[in-house]
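What follows is a group of structures, each given as structure tokens.
Both of the next two complexes hold subunit A, though its partner changes from subunit B to subunit C.
And now, the complex of A and B:
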């Protein structure tokens, strides 16, 4: 699951898709994840870093991860694989 | 290192377009305490969901409403509307403050007697007063407000063999410029039915006509309507005095004053649109004082306000069960209280606050209750921050009608807790149990 290469992000959560002109704002954790995904980190690595940084159980994170991927698909930010 | 508070990852598309003048702002702060008692501790002690009532707020509301009328008019009496919330602890707060009881059934009448209200301070309203209830009210010298001719005839026949004359009033309905008209209760003013009833009462010689009663609607946003109602009531009272030689001791203007909840479909929030007790008091008392009664003949003004006195003293605390996404991508949050507990969510857009700290990100979502029913919608569209399952929410202004119209459905009804003026919490109704619900049932032997 990769983020499109041309997606621009900023540190304070602003996301811009130059291909469509769409822009988004994300919360802190969304910004962290997009940064890591752009970096090419694997799902497992990203999840572990969230578990280390935030007060959340792996179960809750897994549930929210599925929803996160749906959000990215709906926003047309994912690379086709 | 202390970990950061978790919030599910969330992105929101930014749309350029016409600005929304109301913005998407939600509460600035978490609603963590009610009268100094932590929401978290109430839920830990009494479970979730749980209703909470603030004694301090109830007394504050009563005193402020009483002050609004009593500083403008010399003879004012409030009667607590039992159907709004008849938990005994609640009724007794109002009785301690000086309220009489206003009841609409034998069940409520007996509750008032049980609460120690003297019979002559109970107002018996409603369209269904069975013979045994009427006899009880007559025996206790209560004020019986007659709703229709059937009841009037029954009262006259019940009084045939009595020494004491029952004290009665009639309920009058009328056109006050607010539509649809509430003409299903009482006798109509405009078509002369009310006058016919009054004449019949006086001519019977069996009943003591002591008052006139009206109740022109509910959640009334027009103070003018009360001015019209008061004028018509004063006119009837004056005609009783002049033509029937009968002095009317009191005018009961009923209730119907709104709380500051926001009605569904309202353009502006209730806090910005609803007239205050002072506004209603000004119109009613000015009309009374200017009508032409002599000082000695000024009738006692009775008010049966319910909603305005208790709605904002009630809270419903609950927990988030799940967050989900609907077919069209919209967010939904499932909470552990449904429309069976929050009856008023059918007509109010109840304010819902998170009970713990949250970040500024908000999402538009639908809030669903836990009932397996499609109608179980607490808020169809509300901007709320991201609240995780297990975290708590507080619904505001739920003190009126929810604790009487609530319905046992699918699960037991929850506890009701009162926080007193010393910030102590008291359970005033325990949560129901399976045994309590099954106790009136019986199963025929062949089905056991």
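And now, the complex of A and C:
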């Protein structure tokens, strides 16, 4: 699953979908993850990076990741291959 | 043709009512000054003494009142002949739906007087009227909400049975209300029929995201400019008080489909609703620039400026680039003027 290519993000966590005009505010970790997804990093790589950086168990991270993907889908920010 | 040719034009503009249901005139003037410079002379053409643009002397050099559309073309032509004697107009850009019929009708006489226009035909004007929109959609393959034309109050019940609540109850020319109950629908019907006459239109309510598209048709089936805008803040009258330019090939394709179907000549606006399944419904087609037209200039495609050049015979190629994410936020401002100005426009019809 990839973030749509044309999604604009800024360092302060602002996310703008130019196709719909929707905009969102993300926190620091959301900004990092979206940046990584835009770079084409795989889910596994992103998860490992989070595990390295934050105190979180893999189980909790997987649950949060599923929730994250649902939010991205609802926000129409994902591109389906 | 050089840019200098346009630097000292005298242009008549209507739609100076920059209020909470704004006419496009002030935005058109702003775009013209941005594109053609401050050497142009803007002649405001007003209907009422309280149109704010009359008093905005930094944008409008002089204003003349003109007769209401119901006075007919002879009265309009007579008044414009007088104004032309004073001002030597090069061009007029009308900005109200309700005045377009008359301006189109006298466009040949205006041309003889040396006044250019760049307008659609009467046929083009008619096919997008609210009462014809549904048929137009069926004929050309556009998604248009189902509607019923109402000439009597008792026809509301059948419209409700066919389309179910909520319904959009729309005036023949302007205004629309959402009705969730029969009481609301009846109230809207009476209000709109008293103001705008018959028929009143009951339209299926489509839930979704409101998008407007400002475009400039070349009269040969193509568009010179297309700018889609997502409404971000909507007033209780349904007007965009803030919006942002967006990029979606489906919206560009929709405007191109419209231009191809109609050979539209001049500025126009598609009011579009995108539903949850990404279907695009055309809710209305306005036969002139919208009140947010300055955003087209700010985003890199100055549609009013380009229309002027097309009126003078230029044939520009399509403009394909614009800035996505360009935002406008409208604001209100208490403009203070001397009572003498109000007296002058009220008593003499000129300021």
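The rule we apply is simple: the second predicted complex is superposed on the first by the 81 of 81 C-alpha atoms of A that agree within 3 Å, B and C clash if a C-alpha of one lies under 4 Å from a C-alpha of the other, contacts with A are read in each partner's own complex, and residues count from 1 in each chain.
The rule is simple: contacts are C-beta pairs under 8 Å (C-beta built on N, C-alpha and C of every residue); 3 or more make two chains touch, one makes a residue touch a chain.
Values in this document were obtained by computation on a predicted structure and should not be read as measured data.
Student: Which term applies to subunit B and subunit C once both are placed on subunit A by superposition, clash or fit?
Tutor: fit
Student: Between subunit B (first) and subunit C (second), which, if any, makes contact with A:45: first, second, both or neither?
Tutor: In the superposed model, A:45 contacts neither subunit B nor subunit C.
Student: Report the partner of subunit A that touches more of its residues: subunit B or subunit C.
Tutor: Between subunit B and subunit C, the winner on subunit A residue contacts is B.
Student: After superposition on the shared chain, which partner residues are touched by A:8: those of subunit B (first), subunit C (second), both, or neither?
Tutor: Second partner only.
Student: Could you work out the angle between subunit B and subunit C as seen from subunit A, using CA centres and rounding to the nearest 10 degrees?
Tutor: Spelled out: centre of subunit A as vertex, angle of 90 degrees.
Student: Just to confirm the geometry: in the superposition, how small does the C-alpha gap between subunit B and subunit C get, in angstrom?
Tutor: It is 5 Å, taken between the nearest C-alpha atoms.
Student: For subunit B, which residues are in contact with subunit A within the complex?
Tutor: Within the complex, subunit B touches subunit A at residues 3-14, 323, 325, 329, 359, 361, 386, 388-389.
Student: Can you list the subunit A residues touching subunit B in their complex?
Tutor: Residue list for subunit A touching subunit B: 15, 22-30, 33, 52-56, 60, 64, 67-68, 70-72, 74-75.
Student: Taking the touch rule as given, give the residues of subunit A at its contact with subunit C in the complex, in rising order.
Tutor: So the residues of subunit A touching subunit C come out as 6, 8, 16, 18-21.
Student: Spell out the residues on subunit C that touch subunit A in their complex, using ranges where they run on.
Tutor: So the residues of subunit C touching subunit A come out as 209, 211, 229-230, 232, 243-244, 246-248, 274, 324-325.
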